[in-house]
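Order of writing sets the chain letters: A, B, C and D. Residues in each chain are counted from 1.
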């Protein structure tokens, strides 16, 4: 078997100059520029900067996590067809390492992002803790003001007062989970787990390029099941901590699955677009064929349906039961305000259109059309991340109702952060591409992947 | 087709309608089919115990049209469901249940989905049977006693009389030249 | 090996045709024969006394409410007690054999000792002793019957201006009362959805011959319920 | 195209190397052609007895009304719906194996898909029994369908119970079609094996249902497209079915029922229990009919891995429910979950946890995954655990409602138990009839994965140029033949 695989890997599959070889420098430049923009924004408008940054962080973190999942699945199922594209996913996977340092701005903005940071775990009752750092007078997080009587009529508890008191009590209840120390500890665990997993699979795969050791495939295959376990739990709780925590009174058991499904869609879109571009510019031309794109297209289509199924389930059950404590999430995103249009855009652009478009076998096999579909999915992933994070800015910081037109106001910081986080992440990814062959040339299944045909 | 089958009908003439060639491997039948295709035959068919990879191309067949039937049926199912729900719960008997207004779009989803799938599945199965002209319990190939192994471990090619290039001797030679292990002529009553 | 004769190739066509014809016939059959329109309409049981609505309500012009006295006050229109019959038939047609069960029912309510000529008009003496208390009730057979899970209130309908004739038909022309309308839920809903054409001034409720002249005068705004709990309480 | 498995990285043969087409035809067909072994008769008579018990229990239910069951306020739903959900769930593995694994080109499915599809159909029949009888007045069952009627009444399309009818009805229909389409070539094989006059009836019956199949490639082309479309339709369908079943609970505001993870969690649980049932059945059939060459250790190990995966997913859902019940801060939600673990039904809860979450963890170890008696016992445990999962969800949520005055405890009656046991009888009766008369392994498909099914088998041996026709679209139809796991 191994003798045969050696006959197949003929090509070198390394980047030989060209735009891709220097792409990482461009990305790094953009990253520095974008992060500079974030830093400027952070000093002038720290609240907005925090939310814009979290949005951008989410966009790229999910791409990295989705790629990790793609690699895990290949080992879990002993897949053969996908070997030629696996390395590209591995580059995006190993980029996960950079998110730990990229997390610093989220920490800096956590006072603005997470209302629970204003409730202390130690004191029961209606007390609030002293503000921790910096001036918070202006943000007025919902939990902040029980003692003022809400400013409405003296001596009578207004509806708002009651809501705030309940809110505060809820946060008190959650304090054993939603407190700074534990939150930091969890973040540390997530990054450690992702870094460890990404690095292990990456190292096994790249080491095989030289050694051709089939044992490395076995080792990765052994590692994959427990790794999936860890992956699932860390992704879920990271979602709970960083995104669901934006509105600490809201909860949904499916949230982790929802985040996961979106991540895989984004990763598949990125994988398709990147390999297509690498193919147009060099070494993958003969390695990744229409047959592979057909399958990648199927996976993109399939996981997008899965995303729609999970997202619809979450919406549907909350809509049907109509329990106020749950409906807040969709009120903020549907209501009758500007976010409703974004929601409709997601329904249409993230599901209905791509569903019809990507269903066709011909479109999945016509690479220009497939790349159009993948690009569309990627754009919608960005929109979805925006939709997940930014309504909380209007709510937590601006204290606007969803109906208020001002609750949806794009900001230049959104773009700056996207460029910043994306630039840094992609710089790492692209830099890795210059270091290793773009196809796992030592993989024992490579020859089958090269010869793969759909039916 | 409408004749009564039980009584012998001597006035009906039996004529050769098929040439049936037998092969012992998937590879040889594939190459024989390629040979027939390259010789310009159109009305011929392969009979194999399982679908042989590449046979469609070897026979010069075009792609299955089943997908269009299914797409049409899916549309029909979708439309039926939307019309049914709208008619039943919005027009015929508008009704507020569980605080949901009569026209509750999210609640359409489950039944619409199910009916779309149901209709599509009917389209796939009955469309397949229709395109294949099945059920067809009586067929000239069944006159051959050897043909029974077409569902076991043998591979057959049948060339029909309707083919303009059909010629008892030339076609037989072509088939025998393509490693057929046995060639026979199937006769049938021709109306 | 040819197992099936050539004619077997017609199987799909026959199956398709059979399915279409058979399925259509079954649907049409169930549609008609399994509904109250078929199973209930026309029900005209023999009553223990051949009471003629044609004679009493039609020819004699008695008002419905003379016998069905509670129709405006109670959910039940009420089957009249023997008393109502005897108001007249204590004097009228005492010799009618058909009316014997009425007279005997009247007689049977009295203890045997009190079954005098005055209390038992038209009942021969030898019959009087043999009557049991159970015979005090005439076993009238109910014609219009709604299922137990459907709640129907006569008073509500009558006071809102639904004429008797709307549901019971031209009783004044019936020698034997028969069910005219299906009384199915769909039939109820037809009116509940749009009652306007079927309402009349309350004074004309029992008038079998009433025809609308000019705009209908409603006793009060009528908004019949269409919710489940309107009828299924 | 196909080479042997790469054994050095753990790939294995799916069928004994060197098996011929004829051997496969013979070994599978012979079961339907020879008289049944004694074990079959014992099992069949036992199953038929339980089927009789079902008839008695259901007849008694129709005669007396639904009061013969233990359902009562506050537990208005109990065994009937538990059994319904359990049976529907068991069906899911069949579709998963036949459709999802087909789409993912997991060729190992070919040995077990027929078996699993049949199981799906029979399980769904058992499931459909319960909505049919659950009000005890079966003559009103037509209320569930959107038929014009003299009540001018339509079903409520906003009701999850109606969605169930559409979902399970569609599921049953599509599964049946899928199964039958797969059967057509194999029925033709059985037809063509009838040679003697004594087999005349067999010949006619199999011939009738084989629809005149003659293995024509023009037919195969449409057939394979139809099969793939059915697989592609069944995949979202199977997700939708148990999701809709989960909506029965999750659309309500009942604590313990209303959680958003219910749809995928139910699907995972369904696949989990379905695989357990396939495992239980196939291990028995493998011993009785000596199918060791066709259902190999590889199959068993892979199925055990799927059970490990889905069992862990179910465990994830349990954990998320518990976590969110606490995290939500909703005291009712929290109470329900604490009550599950520590309340009067804690015995059921811990049965569920140990069977569903803890026991599959043994399958992390190859030693347990490849141990047949162990796999069998564990698959039974999982079936029990999954029954208890539905019981726990339904009964523990209902027995403590919002009004403490109406709190109660559910006791099943003998009729409840007899109905459930009887539904097992129905299932096994149908299943045993299937094994006896229908090829229980897909003959044509299995032949398609043998090495010699590849027309280029033994020709070029890896020397032909792989790259020249890369970008030419291939024409529809044929599965890449490779008699090995993974693709």
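Throughout what follows, a contact is a pair of C-beta atoms (placed from the backbone, for glycine too) under 8 Å apart; a residue touches a chain by one contact, two chains touch by 3 or more.
Quantities reported herein were computed from a predicted structural model and do not represent experimental measurements.
> Which chain pair shares more contacting C-beta pairs: B-D, or B-C?
Top pair by contacting C-beta pairs is B-D.
> Any idea how many Å lie between the Cα centroids of subunit B and subunit D?
Centre-to-centre distance between subunit B and subunit D: 29 Å.
> With centres defined as the mean C-alpha position, give me the subunit A-subunit C separation in Å.
Whole-Å distance between the two chain centres: 71.
> On a C-alpha centroid basis, what's the spacing between subunit B and subunit C, in Å?
Between these chains, centre-to-centre, one finds 61 Å.
> Go ahead and note the Å separation of the Cα centroids belonging to subunit A and subunit B.
47
> In subunit A, which residues are in touch with two or more of the other chains?
If we look for residues of subunit A contacting two or more partner chains, we find 316, 320, 322, 455.
> Name the residues of subunit D that each touch 2 or more other chains.
1, 152-153, 191-192, 195, 207, 212, 224, 236, 247, 474, 476-480
> Where does subunit B touch two or more other chains at once, residue-wise?
53, 67, 93, 95, 98, 100, 107, 129, 135-138, 142, 147-148
> All pairs of touching chains?
Pairs of chains that touch one another: A-B, A-D, B-C, B-D, C-D.
> Hey, which residues of subunit A end up touching subunit B in the complex?
Residue positions touching the partner: 312, 315-316, 319-320, 322, 361, 455.
> Which residues, counting only subunit D, touch subunit C once they are in their complex?
148-153, 191-192, 195, 203-204, 207, 212
> Would you mind writing out the residues of subunit C in touch with subunit B in their complex?
By the definition above, subunit C touches subunit B via 1-12, 189, 226-227.
> Mind pulling up the subunit D residues that touch subunit A in the complex?
On the subunit D side, the touching residues are 1, 3-4, 6-11, 103-106, 224, 235-236, 239, 243, 247, 250-253, 258-264, 305, 308-309, 312, 316-317, 320-321, 324, 327-330, 364, 462, 466-467, 470-471, 473-474, 476-480, 485-487.
> What does subunit B use to touch subunit A in their complex?
Where subunit B meets subunit A, its residues are 53, 67, 98-100, 106-107, 109.
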